[in-house]
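Following are the structures in question.
Two complexes come next, and they have one chain in common, chain A, joined by chain B in the first and chain C in the second.
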Partner chain A sequence: MKQKSKLRMRRTRFIFFMVLPAVVIPMIFTYYPMIKGSMMAFQSYNLMNVKNIKWIGLENFQKLFAHSASNSFYTTMLNTVKWVGLSLLFQFGVGFGIALLLKKKFRGASVYQALIFFPWAVSGFIIGIMWRWMFNGTSGVINDILMKIHLISQPVGWLADKGTALYSCIAANIWYGIPYFTIMITAALRGVSEDLYEAADVDGASPLQKFTNITVPCIRSVLLLTVLLRVIWIFNFPDLIYSMTQGGPAGSSNIVTSYMMQLVQSLDYGLASAVGVLCILFLVTFVIVYMSITKYAQEEA
Partner chain B sequence: MTTKSRRKLVAVIKFVLLGSFLVLVMFPFVWMLLTSLKSSQGEIYAFPVKYLPNPVSFVNYVEMLWKGSFARYMLNSLICSSVAACCSVFIAILASYVISRFRFRFKGALLLFFLITQMIPMFIMLAPLYQMLAKAKMLNNLWGLAFLYTNMMIPFSVVTLCGFFDNVPKSLEEAAWIDGCGYLSALFRVAVPVIKPGIAASIIFAFINSWNELFMAVMFIDVDKYKTIPVGLNGLILKYDIKWGEMAAGTIMSLIPTMCLFAFAQKYMIEGLTAGAVKG
Partner chain C sequence: MKKRRIAAMALAAVMLTGCGGGGGTADTQAPAAGGKDAAATQEAAAGEAITITMVESLTSPERTAVLREIADKYQADHPNVTIEIISPPLENADSKITQMLMNGSGADIVEVRDSTITQYATNGWIADLQQYIDAWDEKDTLTESADEVIHYFQDTAYMMPYGFYQRGLFYRPDWFAEKGLDKPETWQDIYDAGLAITDPSNSRFGYSFRGGTNGYQYADTIYWCWLGTDKIADPTAAYYLKDGNGATIFTLPEIKEALHFYKDLFKNTCPTDSIAWGFSEMVQGFVGGTTAMLIQDPEVIATCSADMGEDQWALVPFPKGPSGQAVFPNGFAGWGLTSFTEHPAEAADFLLFLSNSENNTYFAKNYSTIPIHSNAAEKDSYFSEGRFAIYMDMAAEPDVYRHAAYPQMYEAFATYKTEVDVMYQKYLTDEITDDELLSWLDEFWTKAYEDEGQKW
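Right after this comes the complex of A and B.
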């Protein structure tokens, strides 16, 4: 008996010390700053004015939602919706299409997959630099190609124009995100049992019927999870906008997180943190609503 | 139309679609490479665009490496990312092994603890982290940055490695325990060798992510001596007058390590990433 409890002690101690570093480090360097940062949202915390740091309640939030001509937060929120919605829609659509083409393995398929997956390993910042150069208004290659196929008659300043800056960034983001969907969905498609399709063939099902009645239901949970993860990821992803336009011209291509980054850089931590708190609230709400609509959680359990 | 010729047509369409998609994916990289190899401003900024560099010249690379401090930036990035990758994966091996092998209270809470860190916008942590680093006199310090990257990569590495450990039959270590092997030596002598590919993939993944990180580096490093590649390029792109030839050369150089590691490990990385998708 004593022997047994000694063993138990040893086991508990082992578990404790093995997990310890992986818990303590994020506690101090992720959770603590996160909580402290959230608290700053209720303070006037401006490093340009350090003597005046004090609690101010909801004043930062009021400043964000104030109705005035100089307030760009409403545009920023609308931009975020466009940024996430359009990016996701096209990444998912094209990614799914390519995945269907890749489903049946062919010679060189794995090399092909590796090649198209490569952008995923490159930072959004670098991708943004590349697209900024391609979208260049005076000597950009995109203008050149579009003029050669007669879609436009003269060079367009894609990133310098308020009307096109955000959409140019979205186009680049779509390009950047397709590989992830392709890889995930291809893997899921290849996991669907071939027997199901054979049985459907015997019953004389059309390709469309096979798609809606076998393919989609079989990979549904993968699709739902991928979309959920991607929404969070795209929402939290200002890197590309940061290097393409810095949110400009005149804030017209800012999304919420790139706006927040600018506030941090202008040292207005209080206001920046208020934006951050709103982001967290939004994401938590989104995840809960998404899960309850799709019943994802129950299905997994 | 006969079935045979129809099948042929489908194959051709598929080939064309996949081919044009590949071109679309590769084009930005190729274009950056072409730009970096052009020597004169007239060639780089010509419109209508001149596609091929004539003559091929490495002057932009020479400018970046010898006149600028790009070699220094690369070395800094290399040190920082390697340290972060090794440390985070080592810490993650310990934790994920226990999570995958033992049943204990708070296990679900622990996984949630790691998942939440992946959802938080990191910008909310920048200001407090800045103050913490300032207090510890760790601003403009590569080790400080490497430590923050370690912290950044721990949760993801834990979750990935859990998946790899789950695939190793427990009987292997149980046999080792019976033979009088301690828990720790069973882990490193028996389990770790079996999941070597998973560990390699995790290290490479952590390396690439640290190599790519921009915002923390920009916030916490402003001395040229300690800048990493993204910080260096950030300095160049914020200028009013961007020199695109040099910018392109810098971009291509920053891609080389990513490319090598990716070529080496993509199979395992895709496996690790899609493991959940296949299980469905």
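Right after this comes the complex of A and C.
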């Protein structure tokens, strides 16, 4: 009896030590910094003077939502919705389309595939700098092309106009994000059995029927997951905006995360952290809602 | 494990004998190198091997090479000292340095800029250099500007500048000749010439406007050129009025007039997308043949020489305003000693070696800054001849060419820097009025004065 409990103790201890790293490492490297960082949101934490850090309650949040001429947080939030929504819609649509085209075998398919996937391998900042010069109002190649095909009569300052800056960034983001969906959906399509399509052919199904009744249901889980991950990524992707417009002109192309980067540069870590906390809350809520809605749809199907 | 330890001991032994052998030569060469801090030098030469880590901020491969060259020269005289230069990427170098300083380790010497000195000194991250400067045999040739900057923050010697960035006006003599225009001397000349040259259908514009990051600095210089420096509280805090108890310049009629000029200049002589231009776009605009005039630091001289024909560009003094003065910031950067360094004497010795007349002049010439020693022009004719000579000409007329700068010693400045460009962009795109902008500026700095008191 005693022997047995000793053995069990030893085993428990063994399991404990085996599990320990898996618990401790995320604690130290993920959750401790996250909690510590979130605490800054409730502090006056300014690197201009680290000797004067104090608790200030919700003051940072009040500052974010205050109505004043120099506060552009409301525009920033609206921009974020446009940025995520439009980018996702076109990345997904075009990416899906290309994936369907790549499903058919044709000569040079692998070369074409490699070319399509290429932008995915380049850093976001480099893509941003590249597009910044392409959209340049005086010497940019986009103006040049549009003028040569007589769509515009004189150069447009794409990134300098409050009406076009954000949409120019979204255009660049769409270009950058298409390969992601193409890669994921192409892989998923390879897993769909040809037998199903052959059976559908026998039944005389139209291409559209095959698409809605075979293709989509078969890769449904991949589609749902890629969209979810993509929303989080686009939301957390200030690189393009930061390198193309720095959120300008006059804050008209800022999204929440690029705004946070600017706050970090102003050394006001408290305010930046408050934005970060809002981001986490928003994303967690989004994921919960998204999961429950899609699960509901699954049950109905 | 055991093997590695033996190897480490062997390495240490080699290093020790190495510096023992070199110590003798170092002693004899030290005075020739100009270090008067002989005690520290001797101690270091005789002592164990040490590494001095220096972190730079405004990096470029060319500049790092110049620093390395000077460091190698120092190492040759001090075989036990290894100088390690860390060059973080330019874009976030200052935040990297901030992180290292917060950590309290890993750096002995850091690059301190006019925009970072307040933060570093307030937080107690950099040390007072006074005792080392007092014992330095080259302190007497330091220029007046250098002396001012050494004691920039709270009268304590927190840094040794390596040079100054003063702006000059670059223009296209060939385009000016085409239109029969004289060389520009005042802001009005810039505007008139700009109007004559601007031709959007040919992609030609007058002036390289900066509306993006740090664009406010250009608006500020125009304000001061309109106002003159007599009404300003202090050249380092030129948003405040003399004897004004924290009253700002932004309520004066001259400032409003200057602001209107600034907007007209943008609307009528600059490309529309220059509202988003930063440093690289404005330089590219001039060098690439889009704009006829550019106000920039001397480092652009190298770019122009490399990419433009000799007759395509000229450099003239900073433009004057209605006050008869040309007022611009005397931008500076330099080196500071960290407060936690384990080798303060040795690090300070190298810092002063880097700043001695010979090395500083060499550095300034290769990096296009204005040197800190008054005998630089004697040492190298580069500073008295050619394109660089305009800086000497400007220095010769101190009543006309005057310095003023934004109050960077205020903690509020960090927040200001991230908000102000957006406010100017809103004004330039008619989202807010002149009064709204000026009252925002006035309120911001009145509040800063209330919160932090007089800091100049």
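In this text, the second predicted complex is superposed on the first by the 263 of 301 C-alpha atoms of A that agree within 3 Å, B and C clash if a C-alpha of one lies under 4 Å from a C-alpha of the other, contacts with A are read in each partner's own complex, and residues count from 1 in each chain.
Here is the rule we use: a contact is a pair of C-beta atoms (placed from the backbone, for glycine too) under 8 Å apart; a residue touches a chain by one contact, two chains touch by 3 or more.
None of the values given here were measured: they were computed from a predicted structure.
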- request: Using the overlay on chain A, decide if chain B and chain C clash or can fit next to each other.
  value: clash
Message: On the A-aligned overlay, A:L159 touches which partner chain: chain B = first, chain C = second, or both, or neither?
response: second
Message: Between chain B and chain C, whom does A:A205 touch in the aligned arrangement: first, second, both, or neither?
response: neither
- request: Once the structures are superposed on A, label A:S70 by its partner contacts, choosing first (chain B), second (chain C), both or neither.
  value: second
- request: Figure out whether A:I214 sits in contact with chain B (first) or chain C (second), or with both, or with neither.
  value: neither
Message: On the A-aligned overlay, A:Q262 touches which partner chain: chain B = first, chain C = second, or both, or neither?
response: second
Field: Which of chain B and chain C A:T138 touches, first, second, both or neither
entry: both
Message: On the A-aligned overlay, A:K51 touches which partner chain: chain B = first, chain C = second, or both, or neither?
response: second
Task: Kindly classify A:M291 by the partners it touches after superposition: chain B alone (first), chain C alone (second), both, or neither?
output: neither
Query: Regarding the shared-chain residue A:A250, is it in contact with chain B (first), chain C (second), both, or neither?
result: second
- request: Would you mind listing the overlap between the chain B footprint and the chain C footprint on chain A?
  value: 136, 138-139, 155, 246, 264
- line: Per the touch rule above, chain A residues touching chain C in the complex are 46-51, 69-70, 72, 136-139, 154-155, 157-162, 165, 245-246, 248-251, 262-268
Field: Sites on chain B touched by chain A in the complex
entry: 14, 17-18, 21-22, 24-26, 28-29, 31-32, 35, 44-49, 91-92, 94-95, 97-99, 102, 104, 110, 113-114, 117, 119-129, 132, 147-148, 150-151, 154-155, 158, 183-184, 208, 211-215, 219, 230, 233-234, 237-238, 244, 247-248, 251, 254-255, 258-259, 261-263, 266-267, 269-270, 273-274, 276-280
Field: Contacting residues of chain C [partner chain A, same complex]
entry: 95, 98, 102, 118-119, 122-124, 200-201, 203, 205, 211-213, 271-276, 278, 281, 284-285, 288, 290, 411, 413-415, 417-419, 421-423, 425-426, 429, 431-432, 436, 440
Statement: Within the complex, chain B is touched by chain A residues 11-12, 14-15, 18-19, 21-23, 25-26, 29-34, 36-38, 40, 45, 98, 101-102, 110, 112-119, 121-127, 129-134, 136, 138-139, 141, 143-144, 147-148, 155, 175, 178-179, 183-185, 187-188, 190-191, 218-219, 221-222, 225-226, 232, 235-236, 239, 242-243, 246, 257, 260-261, 264, 269, 272-273, 276-277, 279-280, 283, 287
